[in-house]
């Protein structure tokens, strides 16, 4: 994996910023961010020290913030905002933050809202732009969802760039996840091919929190907070019956961040199962399978709480027959329902009476408004996105790493998805909390 | 249906109440409730007038409350509490309310908690009683679930009465729904057969709010409030996609009270489907089927919110094949998943691109703590249950009708389940709110 | 007190309702409400029986609902909505409910929103009307407050009627409390004097729930639910310190409904003090003053929770000196701060170390959105207000009594304020819950 | 300021850890933390680079975590937990986390809970220890407050060490703020003087988030989240009246972290006033005082939201007369009430009618349970506290810096309080959000 952390720019910055900040330390006024300011990738003294000893410069990210000189002249700048993919708490805060920062801090008053994701940039779909201003977005942060609507799926980059050209758009803010950001990069490449001066800004959105080089993305905390509430109450279901098992399936296709964070937040969770781990269900020999441990737990405490991420244990299905529903559609293997049945069958064979309560909150955890910390995060995130865009940065996204906001080239962030490293501290912290076996095999 | 509203008693009340109340109006002290105080069943002036003109006494309920003379002597009384069936917000408030009222107001200090429903009254299950007192229950109202645990299913009445006799229990509070209350009546009959003086008190619990002669049962408001939250956010999912349909399945096996009340509370709901209504899915002739109306809504507004109670439209399944899961278990027909597929297929045949977001909160709405109004209700309900029990009433439950608490004989309340009458005002109010067609056929 | 429950009408109804309802029982379609349908005031069998025996007709309210014939022709009707007085949860639900019922059910499409209360009906204030329609009000129920703004204070009835005439307004919905409703009646009298055909509709709003003949008004449950949350957490403050006293002041100028209901909802409350009760602070002789009881509680349990309504115990201040603040303004005597100081001084004189945590949530409990039950209530309430208005009723408000909506003449409802009768059951229920002495004197 | 980041230890670690972790990278098992692992203080590439160029080692913190060898033998170890100072969300999570980590991970089963802060370590106060175990703490995280109670104030270090000796306590976890931690250091010094081997562990608790070298302390996010809710609704009060001003006072004696973070989380805030800033109220010349800006805002937008931290602008009071209440107690100058009056007087002199709604949530924001992110934080924090204690570290606290947990010597952390640097990025982010003037003078 090449880790290129250099941010592309559209050209030289020559326009004085309307933000009257300082270049002097100690005058009580925030200083413009200088281009050379960078945030270290590693905070380990040993790692950084070793780099310097080897005459390597440690990995680092460009630090975003207000610049003394801009690339775009605010009065002549036109921006557009598009939100793509599934809903995520904070989308409306992001739209509101971008609009107010552009309008009130920089004086950019031509701002277009694109309807229903990239589809809204393809004229075939006949989705008119929404003209955005501070009044229109004034109250939207109080509601979940996206005021612009969203959609999945791609549109041809050339069509989108045609649209950007036709509407004289200078900056396009693409709010979305992995696929959206790859799409944004393709748009950037088409722009570059045509020699245009349009900035493509990625605002990373992933409810699974699985974008690389991004410690946390907006909405993730709100989502696992909602999951926490559900698990706290599910605990009542588990305790409400003899040998009660509350089984909660949470989002997380390729990574278990929501499940693992929710488990850390609710000490009542006894088992958390995530895509990053291999485990066996029932190992009669070692007694070290998940169901064996669940049996021990029930025999000892009479109830258990199990959290499973949706992408967990896909290998467990390989021997399962395809099931079809009434209309002939294949019912996809669902780890939640699969586990529910496996648990029931296991204890039924043992003649042990149990009661499984299966809970699948699905969209419930993603359609809520952003909580306080995410709202704050969205405010800061969007301010930085606008600063970088106005300074002519392009093909980047605004990241967050070691408590600092950063700039990351889109191709670098989308090379692969972030996952929980089960050898690293975070997963160990989860195990400390649940008390489950390190490996269930 | 015989509507016998006479409450049975164990015998003559001769013990002075420790509650020092009044028998004089206007002295600023609440008056003991006299045996003849009754609450009218109907509040319609016309109906009541007609009864009197026909020399009939209008239907009425006994009014519960503190009595001047008690049947049981507090110092010698032993009470037990059992919670049965599915969880419901407020169970812990009920347990707490019964314990504190018995202990602090009446001085009854022998109170047993039965574990895991009626199972805990069958010695075979080896579930010891929990000794209850105000300290043990002090904080339980802050948590959902039941501190005693619960279970479904019956135990032989004779075994239960053996247990009551063996433990010298004078009053058994049975907190549960239809089945539990029928069980309580069977226990009462066994007690009567044996000539014992044990009071059987029903505390009606039904998250579906479908017990007859009971306007509202505890926990119901909390449950539909939780449903409201989920629907409010589901609305964001509907609006977040082109032709987005949020489809939410709510509890309600035989009646649609949760679905209908939630729909009244969220004006964003466009269609609510309940077991009490007949409807057709797609009527190409009249264009008056549910899917036809859904199509109109989407063409006009581009999104829709649909709420369906779980027991709705069972007749729609009659032509469906049985489906089996991987383990060979029959997958029961689920109206939510059925509708999701029908909606998808309908619009797919019309080449109309839609996006269905299916949400099934299941246990999420019943494992929460009671909200404020339910907490208040539980306090009042349990106070009345204790007053009536101490006065030797038996085979009754504490009801609520026209804003007053009442006493209802258990057999009368369990003759049939309460349902929404689609010709009555409540359902009309729902239709006024959703704007859906009166009949979709 | 004359209890005239006859609703005035503008004239004969001759316009066919656009609502296609039924007049036949048993056809599965809701029936139009007939003019003679009435709801009994009392649900006591004995009281009603006695009335009939004396050949009196028992007190009753007109039942609101859709009528077969209307007074106003929808296409020609213009309505206006004004919200007055302090905020209350549900104001936006009321505005939304009126607008959608008028527009979608009746086809009334000329609806004006009056800004900032009655002030907006006085041209001097130059507050233009807001044109209301279903789109504008679509999302407002998700937010507390009033989208129209509000204000206290009167405007000359003649000026207001001039405005109504000038704008051809046929129906004015006045959402407000006691003062607002008296104002509405004055407007009605001016209208009558001029021989106009304008319907004046009161929608009762009182966070104190103290309007006469109205069991509960919208927003009240949301308010005491918010109070419940605050008290539940205040309990932690009380328990967090040795001899911790959490003292919470709640709204309630003339009546203690919020305080008493919140106390019933939170069994952790040990004392609730309301305007309707007389009590003495410290009675060294009887040991029956509030502070004497508080001392007992602390000695026994080491913590206490006290709830006081703001209008409580005004007679206690009569010997207090006036206090002025830095600007020379009189600091009004505040029962919360007064009690805090009295508690501190009492225990300081006893050399007993205590810790008082004083909490005054003030506006916090009234600026929130309506909860689920209030939202449902607002929907039903506004539907009925519109039905009655379209049928030419005037000078009335929509009440709620014994679980039914009613119509009440404004002068009857505003003759005096509703209060808690400390001899009646509700207050006794509160005492059962807190366990405080019946009288502290 | 000396910045000594070396953590003291009680002696050589010789006991094998019961945690079976790894020393090999890549085996899928978390590795023991080596003593030399350290976290950089600065993440600025430039600053760190400059240090290395100057042959300085950059500032860094010891990294906490499980060690291969322990100082204390678990079976013989006795721990005690004390919670001091004001309540803070998460106290119960901390108690629960310490107990379960000690008991379940390390096998330490002698754990004492100290009642009511340091007072519980002074035998004079006759406060018996509470024996703690996983069952007792099982549900406490669901409730705010501290199950142990708390108190302010010191006790003689020698008395406390006498108690520790008398009860053979090996580890004392002191959960508290600045004063508590200074107290902990004094205890440590007394222990050292006596040559004892007792570990003193600080768990930093500050609702103001103002402990030095600690990026965030537990409960802080929950507190500003509660503040966010209150401000969001206060916004409704501001908009509900003509020229409505919602003025919210939040905690923050010496620093404005809660106020500033809440303002970032609620974009509706127009002005935030904190102790770290100097501002003038009314400057008729420059028109750059707070009240001048407030006037502009009201003239333009008709409403405003103002947040003020309680410790703000103490210099403004210097000319105020002392006010005494009815009992002769001095009423302390309160910036909230002071501002409310100043705002009223200013606009009254300008004959501009406004409406100020003053909200002081006081204890409401600190007595709630921890939210999800704080709950997770408490779990990780307490795990690390236990690891470090078992490894014989003493006189330290567990910090958090740049997204990593750290160890900080107590004297270093308590040298001075953390404040918002108004020249740094965080305050600028707040200004970007509120849009208020950089300096109001």
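Here are a few things to note about the model shown:
As written, the chain order gives the labels A, B, C and D, with residue 1 at the start of each chain.
FYI, a residue touches a chain if its C-beta (ideal position, glycine included) is under 8 Å from a C-beta of that chain, and two chains touch if they have at least 3 such contacts.
All values reported here derive from a predicted model rather than from experimental measurement.
Taking A-B and B-C together, the pair of chains sharing more C-beta contacts is B-C. Averaging C-alpha coordinates per chain places the centre of subunit A 45 Å away from that of subunit C. The centroid of the Cα atoms in subunit A and the matching centroid in subunit B are 41 Å apart. Per-chain Cα centroids separate subunit B from subunit C by 28 Å.
Taken residue by residue, subunit A touches two or more other chains at 142-143, whereas all remaining positions touch fewer.
Viewed as a contact network, the protein chains are fully connected, with every chain touching every other. By the touch criterion given at the top, residues 21-22, 25-31, 36-40, 43-46, 48-49, 52, 57-58, 60, 65-66, 93, 96-97, 100-101, 104-105, 141-142, 215, 221, 224-225, 227-229, 232, 261-262, 264-267, 371-373, 375-376, 379-380, 383, 402-404, 422-425, 427-429, 431-433, 435, 438-439 of subunit C touch subunit B in their complex. Chain contact summary for the complex, subunit C toward subunit A: residues 139, 142-143. Note for the complex: subunit A touches subunit B at residues 87, 116, 119, 143-146, 149-151, 230, 233-237, 239-242, 246, 320-321, 323-327, 329, 331, 337-338, 341, 345, 357-364, 367-368.
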